[in-house]
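These are the structures in question, set out in turn.
Here chain A shows up in two complexes: once beside chain B, once beside chain C.
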Partner chain A sequence: MIRFKARENVPRWLNYVVPLASVAVAIVVAGIVLAATSHNPFATYKNIVQASLTQPGAFSQTLVTMTPLMFTGLAAAVAFRMRLWNIGGEGQLYMGAVGASGAGLYFHSLPAPLLILVMMAAGVAAGTLWASIPGALRAFFNTNEILTTLMLNYVAANFMYYLIFDSNSYWRDLTSPSARVFPQGKSLPADASWPALQLGSVTIPFGLIIAIGLAVLLWGMIRATRYGFEMRVLADSPAVGKYAGIRTRRKILSLMAISGGIAGFAGASQVGDFSHTLDPRGLEQAGYGYIGIVVAALARYNPVAVVVTSFFIGMLVNAGFALQGPGFPIGLTGTMEGILLFCVLGAEIFTRYRLVFRRQQAISRTPVSPPSPAPAAVGPAAPPGEVS
Partner chain B sequence: MMAGQPAVPTRGSPAPAGQATPAVAARGITKRFPGVVANDKVTFEVLPGEIHALLGENGAGKTTLCNVLTGLYRPDEGYVEMAGGPCRFRSPRDAHEAGIAMVHQHFRLVQPLTVAENVVLGWSRRRAMWFSPRRVEREVAAIAEKFGMHIDPAAKIWQLSVGEQQRVEILKALYRGAKILILDEPTTVLTPQEVQQLFTALRDMAADGTSVVFISHKLPEVLAVSDRVTVLQKGKTIGTVRTADADARSLAHMMVGRDIVLARREATPAARVGEVVLALDGVGAMGDLGAPALTGVSLQVRAGEILGVAGVAGNGQRELAEVIAGERPRTAGTVTIAGRPQRGTPWEAIGAGLGYVPEERLGVGIAPGMTIADNLMLKSYRENGHGPILHTKQAMATAAEAIERFDIVARGPKTIAHELSGGNIQRLLLARELSGHPKVLIAASPTRGLDVAATDSVRRLLAASAESGLGILLISEDLDEILDLSDRIAVMYRGQVVDVLGRDRADRDRIGLMMAGVAS
Partner chain C sequence: MTGFNANLGISIIMTAILYGTPLVFAGIGELLTERSGVLNLGVEGMLLIGAVMAFLVSQRMPGPGWLVLLAAVLVAMAASAVMASIHAFVTITLRANQIVSGLSLTIFAGVIGLSSYIAEDNRIGGKAGKHQFADLNVFGLKNLPVIGPILFHQSAMIYLSWLVVIGAVVYLYRTRTGLYLRSVGESPQAADAMGINVTRYRYAHTLLGGALAGAGGAVFTLQIATNWIDGLTAGAGWIAIALVIFSLWRPELLILGAYMFGAFTSVGFDLQARGITSIPSEFWSSLPYLMTVLALVLVSVGSVRRRLGTPAALGIPYMREES
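Our next item is the complex of A and B:
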């Protein structure tokens, strides 16, 4: 008989070994799926490593992909940590991109450092405001934030499309005839491009550096600050939070704002680091906000772990592009990601329980000898234990 | 503790111990949970038609044993025997079909359904297709009549008092043909008068051939109702005795291994009672379902005194505590804590100097998934450390000190709260509330579910705190506790304070009638 037994205490090493082992299991399982669909798993994995790490420029490209994922992953992780289910990172990212590109265009005459700061601020502000709508609804009317944040993603997407495709807005490039036929956003001035760090052949996006700093900051915030303490209390039990006099409403509002601001920064970074224009199609197809939820879940809502998981998912996303082709449907890369997620999240049970193997015990039909009557500890005052 | 207990004649013991085949027996049951052996080779027999009390402190393994008997847990070792043969229950349903039913402390009833519907709910022998409400109602009424348990089978559960709901649970078991009825601490939710009615009904059932297992840690009740008593201590069977051969002293000794006298205190002399630290004037509030739970409640607690609030569970005591703590909105009246009028928020009440030991410890007063250190700074974290950063080392040191001072049994400050036993959780809660130097303390059912030793330590702590000038509002369903500790006693019935009696005017029968809404 195989049974799960709750662990009395979880050894520290288990928290590292289990996720790593589960990734190994995922690789094996995905390999079986690949073999079953007549792909050579070894060649495929080799391709993945090449396309995401070893090929010229591949590593830099993975860093590019992981940058927005890290932001949206952090945005989700920090909210989820307090059981605030903000799955609107996608829409908040769009709004951040709208805000940052608008600021970059409007303040084009500012000197570069100032312009970049303004873009960041505008992106964060836009994401914050967008997330504050469901935040306020949750805080004051107890509306389910899962639904409101999700729905606002579609609103944000439509708004972004409207700015470029369905209006002559400030964001839209109307200078050339071709741009009138094929709508696109205005290009930002060169000063609005965020600086990248060049280390040998590797390009590190500016946003990535900020994201790593932010991850450490958020980790410290949850662990060691008064705000983080309140978050942890509310995550553990909202009733305890109320009892302890924590102002729950403020906490929900502010945490939604923080989460939205981080996702908004992702949008700003997309504009400033990479696209240098508002590109609705590119942003929507990438779906960074949704993948960020996966990143956060894999990291178990730990901001520092998000750094690792976003790199990992970034690799897979990149490799997915490289693998896709006539012989390799996109669904297969999705399946592989799904297997990974399933294994890593499913393996969590092994940190809390251990498997016990043992034989079914036979019922003893021989009478069990009665326990000795009244042990000495009871003392002489106790009546003799009578066992009939 | 026994003084003033309603006089219930002790039942003679007709059960011929030793000859008859037990209706159900536990043979060498061992059940382990992570870190504890809840039952250690427990042996226990119940004869047909006897009332068998299972006595022991909380944590002695009574409930675990009954969960094994009812098929909820499978024993690690040993087996359950019925009618002389071993049997293996794979699920509660198996036990049910074998005729074992349990009335849990927390009722398993569906509120919007009627009594009759609850009685047949989930019962496989009568399919929903054939369900005839009127017939079931008739049958339920007949059983109720037989055992003198008055109940309207067509009433909805939410319309019933807690005592009535308990009757529904018992009827449910009997209707389904239970031959063995297990009651887990059935008297905690009843008035003294309702307890008597329950005992009468249980005796009738026993006379009818049903075996009753009565789980309790209250000696007077065990002595009053049972034929035999099996005492458990720390998961082990200490022994089984005939009730007729036992008395409170000998049972207490078997239960805890030493003589016990629970702490009580004398009323604080009038001269030593200080200024008013908690004042309620005409307070009203709604219950969870939107019906008025409190109306026109006016109370005053002075420094150095204990005001006891007596009443049957569900008459507004929980709401009263929550209104004072600022957790429940007030619809009328004023609350003043230590001279500061309250608008009605928890942080205001805490700031004014309110300590609060809520009825629900784990999940309201203590964050179950957080450490002892975290839980201890649940209210002081605002003052801890510099700027926004918490001072973790200081918190650890404070926690280690509190563990020492309040005798909390734990591995250390980093132990997660839900790993602690009930008594240690309560000591942790009191440690935090008292070390915040409150001016008023609300203690809601502070000893419920605690073992004798823990109850005693909590009572002593409350008495000592009152001695040192704290004003305490003691809300409890345990009338003995109220009578032992309070200076004055307020009796609540249906959200109103019926009367406030000085200790000298308080006698058990009078309070019992007031609790039932009969006298004022």
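Our next item is the complex of A and C:
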């Protein structure tokens, strides 16, 4: 008979050992899946490490891939931490890219630093506005934000395709004859390219530096500000929050706006750091918004941990791009992400409970345990007791 | 002129039913899962696994068409039930957050996940399908005006989906197990006290939901599309989850909603096939998603509110307290 027994207090080391052990389990499980589908797991893992770390230029490429993932991971993490399920990071990223590329094209005559600032602002604004639609619906009508944010992803993708493929919009390149046959976005002026930091052979995208700063800022916001505190109260117990006079509606609106703005920044960074044009197909195939959910969940919604998880998921995604082919099906990335998620998610119970093995006959508990000392004595919270 | 309009009307209804059928299967499945108190956001992933497995079997299996199709649907249902069992284990036994686990399932099985992995490993992408569900001529009545094509000229999968809806209504409201199921979703404590095995009910209905989503996926590759494209369900799984909400967890309303959304999905194709192209195709592609948002808002604004129909224990892991 195996039972889960609630821990009375959680040893600190468990918070590190359990996730690490579950990642190890995930690697083994994914290896079994690979072997079962006649891929060599060892060769595949070796290829992933080579393609994302050790080959020349691979590390820089991983940094490129992790940049949008850190933004979308942070966007998901702040919202999820507060039990606001914004899974619209994908669409908010698209809108951010639309906004930033539009601003970069329109204000092309501004000096570079100003132009870059305007692009960032436009990307954030577009993402914020897009996220505010489901935010307002949730705040005012209590409409399920999981579904509305997701539905709007498809709408945003269609909008982006419309701008480049199905209209003569401001974003579309109509100058060359070939661009009329094979639609593509206008190229942004050189001044709109964000600067990158060169450290030896490693290139660090500008967006990555901002993302790391943002992670620390958000961590501080959640832990040390009144806003963060009120958010945590609302997340853990909406009723308590209400009686304490916290304005729920305002919190939902502002948090969706923040989350959407961060995802919008991911879109701006895609345009400014890397593509320098609005590229609907590239953005849609990458699916950074959805992968951000993986990054956030693996980080347990902790913004600083997002920095770490976005690096590892960035490695995997980057290897997926580089290795695409018969030995590395496209679907392997998502499959491995899913296995990681299930293992980490499923293992969380071991930090809260411990496994107890005992015989069935234990039902006859005649010798009642000695009366515990006065219940008010100690303990952070009354343990929920034994559950089956 | 009236003939043309009648034909257009019937053809819109026929395509609405066709495109609504995967939503009926997946929606009824999710409805039964949610009635047991488990929210499974992995429907999109389960649809895709069902779709790819059905297509794989139909490509590889020799034998008479009806047998291949039957095997394809059964394999699709089994495969999606296996997917659902992961969600069941993680959320029911390990008590993980149902929202995150469901999202994980969609990522695991979805567009860049296992469904695409299976398709690529077996090289079935872009190949023309070998077996398709054909429309049957039931009792030879397909030429009756209006109701002929709608009622007597559909495929076996569509008739099966009608049986599933009828079965779900009878099951939920007319059987003891259905009553127990509802009590598990409303108050697992009370159900447990009555001697109902909450864990078993939740596992069984999560798996059943998966199997039905698998059947819905099979409709995609064996009737709607005739080949495999990564992510061909295009969010149908999410629309199915939304349908459960605005059908107020009632199967008889869900099928109506499913056909309505089938119509929103197909109306753009219908009009464009008839040369009406003044509205950009992206608008028509967005229509089902926009209408989903609108319907969700209407349900949440309306006097019905969310309480009506929502199983009270939806999304909450059940633990039996022992002192």
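Note that the second predicted complex is superposed on the first by the 351 of 388 C-alpha atoms of A that agree within 3 Å, B and C clash if a C-alpha of one lies under 4 Å from a C-alpha of the other, contacts with A are read in each partner's own complex, and residues count from 1 in each chain.
We take it that a residue touches a chain if its C-beta (ideal position, glycine included) is under 8 Å from a C-beta of that chain, and two chains touch if they have at least 3 such contacts.
All values reported here derive from a predicted model rather than from experimental measurement.
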item: Partner chain in contact with A:L345 - chain B first, chain C second, else both or neither; value: second
item: Partner chain(s) touched by A:Y227 [first = chain B, second = chain C, both, neither]; value: first
item: First, second, both or neither for A:R247, with chain B first and chain C second; value: first
item: Touching partner for A:A239 - first (chain B), second (chain C), both, neither; value: first
item: Which of chain B and chain C A:A263 touches, first, second, both or neither; value: neither
item: Touched partner set for A:R7, first chain B, second chain C, both or neither; value: first
item: Chain B versus chain C as contact partner of A:M151, first or second or both or neither; value: second
item: Common interface residues of chain A - those touching chain B in one complex and chain C in the other; value: 384-388
item: Complex contacts: residues of chain C adjacent to chain A; value: 41, 86, 89-90, 94-97, 99-101, 103-105, 107-121, 230, 234-235, 238, 241-242, 245, 280-283, 285-286, 289-290, 292-293, 296-297, 300-301, 306, 319-323
item: In the complex, chain B residues that touch chain A; value: 17-18, 27-28, 34-35, 41, 43, 45, 77-79, 86, 88, 236-242, 245-246, 249-250, 253-254, 257, 259, 325-327, 345-347, 349-351, 356, 358, 360, 363-370, 374, 377-379, 381-382, 384-385, 388-390, 392
item: Sites on chain A touched by chain C in the complex; value: 37, 80, 85, 87, 134, 137, 141-144, 146-148, 150-152, 154-155, 158-159, 161-162, 166-167, 287, 290, 293-294, 297, 329-335, 337-339, 341-342, 345-349, 384-388
item: Residues of chain A touching chain B in the complex; value: 5-8, 224-227, 229-230, 232-233, 236-237, 239-240, 242-247, 361, 363-365, 367-368, 370-371, 373-375, 377-379, 381-388
